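Okay, so here's the structure we're looking at.
Here the chain labels run A, B, C, D, E and F in written order, and each chain numbers its own residues starting at 1.
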Amino acid sequence: MRMLIANPNSTAALTTACVGLAREAAAPATEVTGWTNDAGPRVVDGLYADYLAGAALVRGLLALRPVPEAVVLAGFGNYGTGAVKEVLDVPVVSMAEAAMALATLLCHRFAIVTTATRMIPYTEDLVRLAGLEGRCAGVRAVPLPPIDQPPPSAEAVVEMLAAEVDRAERELGADLVILGGARLSPYATGLRPRVRLPVVEPVACAVHCAEGLVRLGLRQSKAGRFARPPGLPV
Amino acid sequence: MRMLIANPNSTAALTTACVGLAREAAAPATEVTGWTNDAGPRVVDGLYADYLAGAALVRGLLALRPVPEAVVLAGFGNYGTGAVKEVLDVPVVSMAEAAMALATLLCHRFAIVTTATRMIPYTEDLVRLAGLEGRCAGVRAVPLPPIDQPPPSAEAVVEMLAAEVDRAERELGADLVILGGARLSPYATGLRPRVRLPVVEPVACAVHCAEGLVRLGLRQSKAGRFARPPGLPV
Amino acid sequence: MRMLIANPNSTAALTTACVGLAREAAAPATEVTGWTNDAGPRVVDGLYADYLAGAALVRGLLALRPVPEAVVLAGFGNYGTGAVKEVLDVPVVSMAEAAMALATLLCHRFAIVTTATRMIPYTEDLVRLAGLEGRCAGVRAVPLPPIDQPPPSAEAVVEMLAAEVDRAERELGADLVILGGARLSPYATGLRPRVRLPVVEPVACAVHCAEGLVRLGLRQSKAGRFARPPGLPV
Amino acid sequence: MRMLIANPNSTAALTTACVGLAREAAAPATEVTGWTNDAGPRVVDGLYADYLAGAALVRGLLALRPVPEAVVLAGFGNYGTGAVKEVLDVPVVSMAEAAMALATLLCHRFAIVTTATRMIPYTEDLVRLAGLEGRCAGVRAVPLPPIDQPPPSAEAVVEMLAAEVDRAERELGADLVILGGARLSPYATGLRPRVRLPVVEPVACAVHCAEGLVRLGLRQSKAGRFARPPGLPV
Amino acid sequence: MRMLIANPNSTAALTTACVGLAREAAAPATEVTGWTNDAGPRVVDGLYADYLAGAALVRGLLALRPVPEAVVLAGFGNYGTGAVKEVLDVPVVSMAEAAMALATLLCHRFAIVTTATRMIPYTEDLVRLAGLEGRCAGVRAVPLPPIDQPPPSAEAVVEMLAAEVDRAERELGADLVILGGARLSPYATGLRPRVRLPVVEPVACAVHCAEGLVRLGLRQSKAGRFARPPGLPV
Amino acid sequence: MRMLIANPNSTAALTTACVGLAREAAAPATEVTGWTNDAGPRVVDGLYADYLAGAALVRGLLALRPVPEAVVLAGFGNYGTGAVKEVLDVPVVSMAEAAMALATLLCHRFAIVTTATRMIPYTEDLVRLAGLEGRCAGVRAVPLPPIDQPPPSAEAVVEMLAAEVDRAERELGADLVILGGARLSPYATGLRPRVRLPVVEPVACAVHCAEGLVRLGLRQSKAGRFARPPGLPV
């Protein structure tokens, strides 16, 4: 199966990292290809970047030939997820939605750790739109430096994440944590041995969900919310 | 005060109509200017169009000089409302948010009538994001033809709207109705004598709210959710 | 336009203060008159006082001649707001409802600061009845002395308010604060330079909303919840 | 035990009817006394009447000597229930609250049948304030004539109620019905053999709850919401 | 009236303690009998024990002859409460449901104190299923040792409970506390003089509610959710 | 991977049917084994059967050797799902949870069709416990005869299902339907060509989710809600 990992921002290094995580998670028969949103912003760090990213993403994916058999949106946000589901006829899975969906099977209440304090309300809106407020213990942030600056050492990031996960357990009553940003996904492996809570890495979740939808012959409903828009060029 | 009425789509006739409604609603000292989102789609008829509209809108408004003292977003949707609030330092009011906010003062539960069945879930998400599910009796649609086809006669549209308002009262228990689309706003005057429920026309609401914010020295919070994004060109 | 600022309690000094704030906020053509609920309690400091205030208020306003063109209820509470909307045919705006309505345009989640710990559940019920729990980060109190004792210095009150606003941002994640009591309204001007969050002063909000309703020809729905009661003396 | 059945309106016939129902429900050792709110309106038919009733009720009950050991508020509404709880130190039970509380033990979702269409939003607010929206299937009305007109025959009222109960089961999925008005309580006995759903008569519920609170040494919390107000005359 | 106090676990000492509390709470004419779920686990300390307890409980109670006139389930949990309501035709009252129902009459928001940290999510689900999230300030735990180890001194348990009640008031804004476990019920008397908040002891609540249902001729709805299951042996 | 399909009831024909569906859905490397809950009831048709099924299920699965690598609970209900998650250390996936989780990726609001009117409240509680009320448009039933009677023809069941799906779309606004009962799962293939809405078959969803959890190294959180109970035999 040909699966596209679409990075909603233009930072190719993140695409590479996500494709790596996707390949580890994918079934052997899944052929994973990366796609970088070259016309999008370098990082989705707010609502402005979300719209710039989403518009470029949906245009880019609509034009893509050949059409992949499934699309994974490899950013922890909105950036036009519904729009992509509307314009494509193949299954489209956002890593945020997939992570939250699988988390509902595993816990009482999950926490999400995001990459900047300013992304907390943005992420809370994602949870609200998914209708999962009742399952979310809260959203916390581990501030990372701007994407064009060198990140802290992996050890330092893992340390900060571990501290935040512990706080989420103690202060919010969370019993599972979702890494809420593509930039955080690569730290999942390092983080797991450090914390008591299960750590959900969203790229892998989305890859697996997308494989499942293809296998089961399911995709976003075209009979309602995601029906092809009337004005869409054929 | 210089107020911009920004039409998120590229249909100039709608800008003209909204500017007309805005001028009727505005205080004498308010100087109303229209702005058409020429780089956007002809109509926002779904999530795809929403993102195309929003990205062009926020780019266009960010580049606009001189910066107006307040911006009214004259479409009943999302299309980057939060993004515009993020990038601008002047008050930004969406007509959907303003209509719902004023409706909370006037009723038990409002209904929204939108312009296409496919916009019902889109509009329900607007209500959910505003946190107003508990005040919304439901969303209904009066299907209009595509924007490039001639609309029915005003009398026919008013007739359909009146029938839908009556159903919203009878079936949903609504005691107020919001016209949920810029294309419906011009029919408010014709509709009011035909129905028992108050009819809220959102352009006027947004104009009045925007005037109020300017007068009271208020604008969207820059201390949290709508803080200027780090990557924004100065 | 003739607008009445109705103080639900009998403390004339509060009427004077609210009328002052109202005049600052009002349009030039608005003629603001104060009205003190002489038959009400000196302060609304709980549910008992709420009912005494509300009954006297609604009786007083029903008897008032000439009927004003709009009524602003200048107390941050319930005290019969719905009853006044029921018996009057002109727009009636409570300052609590107006402040929360405008706040929804400006923030992710607002905090309300009230004047006594015992008013926190009372205020939470206001938020619940408005259906805005999802937008309210929490209610806090800055305890003021009883109304017949001299208040602390303005500087001291502003200091306490500023500390509470900072806590609301830090502990509750609020990005806007509403001053939840007529006694707090006069401190808005002093508070604003001291805090990062926008400070919403409800009297001004209500005045502006009331002006808007008059201008737009809107009032509380008489087709449902606020229909004139059958037993009302004509 | 001395229990007061306080009728929030001034219609003595309703007091008599409620006292009769209360005596049937009470334990042998309970001494039931009726009290009519002579200074209140003839019927609580809206928010205006609610405030007039509540203010007179709380004043009247505060002055009452000797203080009863428990107070039942025998009207299906708010009319200052919280205010009475605030000013009295003995248990105060509203028949609406008691009926909903017991109903939660007996059903999946209850319906409430009230006495006038205009009381539907009023009653929905009661449910919302009680935090029981999730257990309430809906509110319906069986319109009764104004209280000063002769009521339909008992048979006719029971017939209308039975039809409405059936609709509540079929259309709303309710599996229990609460009679939402003191005027409806006397029809419970006639209605029960006619319908499949359990019929909850609120006066009896409140009497039993009040007896229980006295026996168990419980009353409304004086450590928070219902603490005696500071300004209360001793 | 013959009332059965059914202890869902097999620890006879708890049955004895609950019967003692029940007799204190019951009316003179109520004949209280204890029943121990001998085929159940020694304690319900999680979801596994909940199911073992519930299956044995429902089987045991179904076989019981003579059938009591009312059944009180004397454990603070689920353990098949709905199943017992389904198979029996007499009123069945769970002490958890009864305590929460009566608490709604007495407070703004209640806290529940349970006996183990691991029971917090279990108890939160009880609250959610009862539809009372909006009235529950939170769930806390006072960890007790395993049931086969000697408990701390009564004084020590009361001390821990008092500290937790104070925290619930201060940190959660609770104004009433429910003792959320049959093992905690005996400490209610000792706890009350130590704390400001009313302390609700659930066995007594359930006894009183069950007496009330019998007296009022009410029981769980057999017209819907708790209808006798088709496959039930007669 | 060795995956167990555990049928919570004792009807072996249903196990066979579910194993068939599971094998179709599973990856080639997944070895699917069926398990029938011989000690459970023939069908889970209510809360009583739920507890009997759950207790037998959890006991049976706890004793099973060798322990499978993942367990799918192949019934659309609760019947001790949490208990099984508690006692096992391998991933446990209920087909109801999995179907709802995947549905959140595909639609605005799903409907569930169950097999008996009396299962509607039971199923609504499942949705509530999953915290997904905001995504569920409603629960409907297509009544099947008792399990020991011959079912209608496949064509007749599909016909009834198709009619109910159409109603769910038209009356509830659903844009996806979940088959809410193992007895309905085999009709998914026949139903799909007959309806506009995507039809989610839960066995396949659960199989795929369970495979994913194994592959991703995830399982239910043992750091909180599903921690191994203290009293569990090792």
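Brief remarks on what is shown
The rule we apply is simple: a contact is a pair of C-beta atoms (placed from the backbone, for glycine too) under 8 Å apart; a residue touches a chain by one contact, two chains touch by 3 or more.
This one's a predicted model, so the numbers in the text were calculated from it and none came from an experiment.
Summary of the copy comparison: rotating chain D onto chain E for the best CA superposition needs 180 degrees, to the nearest 5.
Copies chain A and chain F of the same chain sequence form an interface built mainly from equivalent positions, shared numbers / all numbers used being over half. One finds 30 Å separating the Cα centroids of chain C and chain D.
Centre-to-centre spacing of chain B and chain F amounts to 43 Å, using the average Cα coordinate of each chain. Residue positions of chain B touching 2 or more other chains: 108, 121, 128, 131, 133-134, 173, 175, 224-225. Contact between chains, using the touch rule, shows up for A-B, A-C, A-E, A-F, B-C, B-D, B-F, C-D, C-E, D-E, D-F, E-F.
Touching chain D in their complex are the following residues of chain E: 25, 27, 93-94, 97-98, 100-102, 104-108, 130-135, 169, 173-176, 196-198, 200-201, 204-205, 208-209, 211-213, 215-216, 218-221, 223-225.
Chain F contributes residues 108-109, 134, 173, 175 to its touches with chain B in the complex. Interface residues of chain F, counted against chain E in their complex, comprise 41-43, 45-52, 54-56, 58-59, 80, 82-83, 85-87, 118, 121-122, 125, 128-129, 131, 146, 224-227, 229-232. The touching residues of chain B, when paired with chain F in their complex, are 120-121, 124, 128, 133.
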